[in-house]
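Listed after this line are the structures, all set down as structure tokens.
In the two assemblies presented below, chain A is common to both, partnered first by chain B and then by chain C.
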Partner chain A sequence: MKKSSNFGAKLTISLISIMLLTPIVATLAYSLSTSWVKTILPTGLTFHWYVVLTSSPSFLPAVLRSFGVGVATVIVSMVIFLPVIFYINVYEPKLKAKMRFLTIIPFTIPGIVLVTGLVQLYANLPIPKIVVLILTLTAINLPSFYQSLNNVFMGRDFRAMFEQAQLLGESPVGAFMHVILPNIRSGVLVGMLLTFTGAFSEYVVTNIFLGGEFETLKIYMYRLMSVNGNAGSVLTIIYFGFLMIISFLLIKTVHGKKIDQRKE
Partner chain B sequence: MDNLVNVEDLSINFGKLNVISEMNFNIKQGTLTSILGPSGGGKTTVLRAIAGLNQNITGKILLDGQDITHLPANKRNIGMIFQSYALFPNLSVSENIAYGLKVQKKPQAEINAAVNEMLALVGMEQKKDTYPDDLSGGQKQRVAIARAMVMEPKLLLLDEPFSALDAKIRVELRNQIKHYQEKLGITMIFVTHDQAEAIAISDDIIVMNDGQVQQQGSPMEIYAAPQNLFVANFIGNHNILSGQELVKLGLKNVQGTLKYVVRPELFERAENHLQSSDSVAITGTVQSASILGDRVQYLFESAPGIMLKVENLNHAKPLTVGAKETLYLHSKYVKEVGA
Partner chain C sequence: MKTKVKILFPFSLLIALVLVFPVLIMFFSSFQGTDGGIGISNYTEIFKNNYYRKAIMNSLYISLIAAVIGEILSILGAWAISRLSEKTQNTFLTLFNMAASFAGIPLAFSLIILFGNSGILKAIATASHLSFLGAFNVYSLPGLILAYTFFEVPLGIMFLFPPIKEINSDWKEASQVLGANNWFFLKKIIVPLILPNIIETFIILFANAMGTYETMYALTGNNVVSIPIVIGALTNGSLDANIPLACALSTIFAAIMMLLVALGNRLTRRSR
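And then the complex of A and B:
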């Protein structure tokens, strides 16, 4: 009985893995193929499309733009939301219900509605569009940032720790930097990585908001795929590899956190 | 003995709610004073105001003659021990103890010497490199005590520090706290809702309720002569009787409209009683007996139908449940209390 259910589980996992991996393997194969049109397998393998893509004048600027948007969104999230989440968790836990409601809004409003609203709101204000974009991405990524940090504040009396540090001579800022921050490090790191990934890979809002004026990696990827399928596949693989590294870092971070919790 | 702390007309509001109302009390230098009262009575709020963790106050707090009412917590030189220990989980035991000295930028050699001295005092030398998550509750509280005391604070505040610990460790630690206080001469304010704990270790007790001081005095004063019904109810297990009830029991010189307290251990058996014109004999039936460890508590229904709590030491000759007995009460043990 146990053996058969084990087999069933293994079979299910194998089928799901094949389903998930097939497109990636196919895209990788296509990015390495000389030609793959009327045959079952590619007619030949080459790194030509990798060379073509990486030597394209549009590639590096697109990577840097996406990277810049990701880093800026993380910084803004940290500056705006980290103190707020700390304050709510430590001094005003009653506000957590309102905060949870706020974090649901990005899920409930479609991207197109959000962007249209923001464009109308900020159209006549002298604020650069890129700033509005960063703030929008910060708001969109609030749910993951909030949840990562909110979880880490549970289970310890951070208020007492914060106050104890001050009684031992620290200023409030010093107490936050030297006592609170080191003890919420894993949550902050997970929140930063999720926010960065979300902003780095965002397409809808950026495209509608700035479009051709500001070609990020994701916009470049979609444009390239309509022009050159092989180069588009190369970009997809590079993009996938980058996200895999981020995911690996996340797993490492969360795993480390679980070990810490087990110690308790 | 000089006062180290003077609290004058302290009032604290949380929004529209008045939590502390024009409170006045003094703490003598080098003593351990307990603030005792039920949960929600404002004890911790007062402690936090003294520590500088609640700045939204009116009135005045003086420490060693200096007005510290609006001084930030990090400038007061007041230590505090929290119920949740508030140890920093990312630092080892010795790093936790050294934290405040490092903030003060003391020389490393001085820090090491002070930390080692504190580790020895609280018996945690073997655990100096251990992290807080790997310590028991009692060990964590020892580290918290060491971390606070190494700063040589003018005043050490303890906010129900033993509430989360089991009874045996609690008794052991409270005795140690008293020992450290006497050895180092640190003035301490100890917040607790446990009257036995307060009576056991305090030089002075402030009984608080509804944001006001009900009575301040030595443990014996508080126990033997409660000033009002709240203190009488909260401290000990006193019989609270009206003057009319005492008249029915045969006592004279009491007024019917007033309230009086009689401690349960002050009823005498015939064999211990010295005949006196100031004492009355009360006959009645023993309704029940409860063993309280070192004492036995009886519910004794007197002939006029007034129920009395009577306590004897456990080794004394027991009263028999259901039997008729005669107990004696001396009028000097009957104390009038205010409303």
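And then the complex of A and C:
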């Protein structure tokens, strides 16, 4: 009986995976086609559109802008959120129940709703919009950052480790960097990767709040959709490849963590 | 005590600057009329004008259907993943976690390449004279619901997998030892245990669909109106920009969501 239901499980998950992957496979085929208009198969295969896209003067700046936004968001998250998550978990677990409330905020106040308030509040203030954008993206990505780190403080007495390091002459920051951080490495790495991906991929707030003048990868992708479908499909595939690399790193990190725990 | 302030102050300041203050401003601005006066004219406009009413109805309709389909498929998916080996489980969960990042413009674009007016299926349909292949109109309400399924299912699985996994391993064995049959197990054990999670996940899927702007904007532009599309059109600095009206619509949105979350909390508490 167990065997047959495992077959059912494999069939179900295969069908769901095939459904989710079909448009991506179609996009990959399209990005490699010379032209595909009134034929069953494309008329020929080519890397022409990959060359066209990557040699376009808009491509690299758009990638770099998104990359910069991603890195800045990760840095702000690490500086502002990491100490808070550590403090709450180790010193005031009572506050954890309140932090859980933050995780439903993206659903009750999604980007498109938040951005109206941001426009109204900051449109005429002399604060650089890019700074407001980075801070907003940090807050939007807080739930995934928080969840990646929420479970790493269980199982060990981090409070004692932290305090003993300080008795031995470390400053609080030094104790955190030298004693705590190495022990929560994999959780921090997962949090950083998810936050980076979230900020790198953001579209709604970036586009509406900055008025589209700051062309990130997603904004460039949207422009290409109407201008050059073939080059746009290449960018979609490159973006998918980027997500696959991030997934690979996440799987490696999570799996590595499991092995670490087994060794102890 | 001092370190507590040092740690919590930057965090609170950031949350205030980019979440609390903007939401408060949004709420207060929604009472600001086009003539500069203060009142509920934006709200009466939204409920009287057919265009805005249609946006609200479309949003509710698309989100309801997308959430129902998403819920059914993610229950099946989460159950299926829970039967696989632990390593495979982690791989699938990571990939589904990433699926949310593919939502939006890349997803809409790849669906247009597959189903769109100059897409692959249309090309194959023309060449093979099998016109039914190219019959699906992706730039429509059914097209949007199809698109939403692509991120609703992975999201639902992320929320349903942990509780389903727990049931699978422990409870089934216990109930079999005690001689329960499969139907009894499903009705008396699985459903009551997991119902709160199912309700919770349904609310998250519904809320997530309600707030989806990017996928809809990329797929149907301004052709299908919904709450997010109207907010976007009123905010993006074009000629018909009207931010106080957008704020009113946003406030209505946030109010619907808070009601829903409160309702969900009540329902799940009762069944627990």
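Following the convention adopted for this analysis, the second predicted complex is superposed on the first by the 253 of 264 C-alpha atoms of A that agree within 3 Å, B and C clash if a C-alpha of one lies under 4 Å from a C-alpha of the other, contacts with A are read in each partner's own complex, and residues count from 1 in each chain.
Note that contacts are C-beta pairs under 8 Å (C-beta built on N, C-alpha and C of every residue); 3 or more make two chains touch, one makes a residue touch a chain.
Keep in mind that this is a model prediction, so the values were computed, not measured.
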Superposition on chain A - do chain B and chain C clash or fit: fit
Contacts of A:251 with chain B and chain C, given as first, second, both or neither: second
Chain B versus chain C as contact partner of A:121, first or second or both or neither: second
Contacts of A:52 with chain B and chain C, given as first, second, both or neither: neither
Which superposed partner A:130 touches (first chain B, second chain C, both, neither): neither
Chain touching more of chain A, residue-wise (chain B, chain C): C
Partner chain in contact with A:174 - chain B first, chain C second, else both or neither: first
Which superposed partner A:183 touches (first chain B, second chain C, both, neither): first
After the two structures are overlaid on chain A, angle v-u-w for chain B, chain A, chain C in degrees (C-alpha centres, nearest 10): 100
First, second, both or neither for A:138, with chain B first and chain C second: second
Minimum C-alpha separation between chain B and chain C after superposing on chain A, in Å: 8
Residues of chain A defined as touching chain B within the complex: 156-157, 160-161, 163-171, 174, 179, 182-183, 260, 263-264
Contact set on chain B toward chain A in their complex: 51-53, 72-74, 76, 78-80, 82, 84-90, 99-100, 103-104, 131, 133-134, 147-148, 151
Chain A contact footprint on chain C (complex, rising order): 3-4, 7-8, 10-11, 14-15, 17-19, 21-26, 29, 73, 76-77, 79-84, 87, 90-92, 94-95, 97-99, 101-102, 104-107, 109-114, 118, 120, 123-124, 126-128, 149-150, 153-154, 204, 207-208, 210-214, 218, 228, 231-232, 234-237, 243, 246-247, 250, 253-254, 257-258, 261
Partner chain C, residues of chain A touching it in the complex: 5-6, 8-10, 12-13, 16, 19-20, 22-24, 26-27, 29-30, 36-40, 76, 79-81, 83-84, 87, 91, 104-121, 132, 135-136, 138-139, 172, 194, 197-198, 201, 203-204, 207-208, 211, 218, 221-222, 225, 229, 232-233, 236, 239-240, 243-244, 246-247, 250-251, 254-255, 258
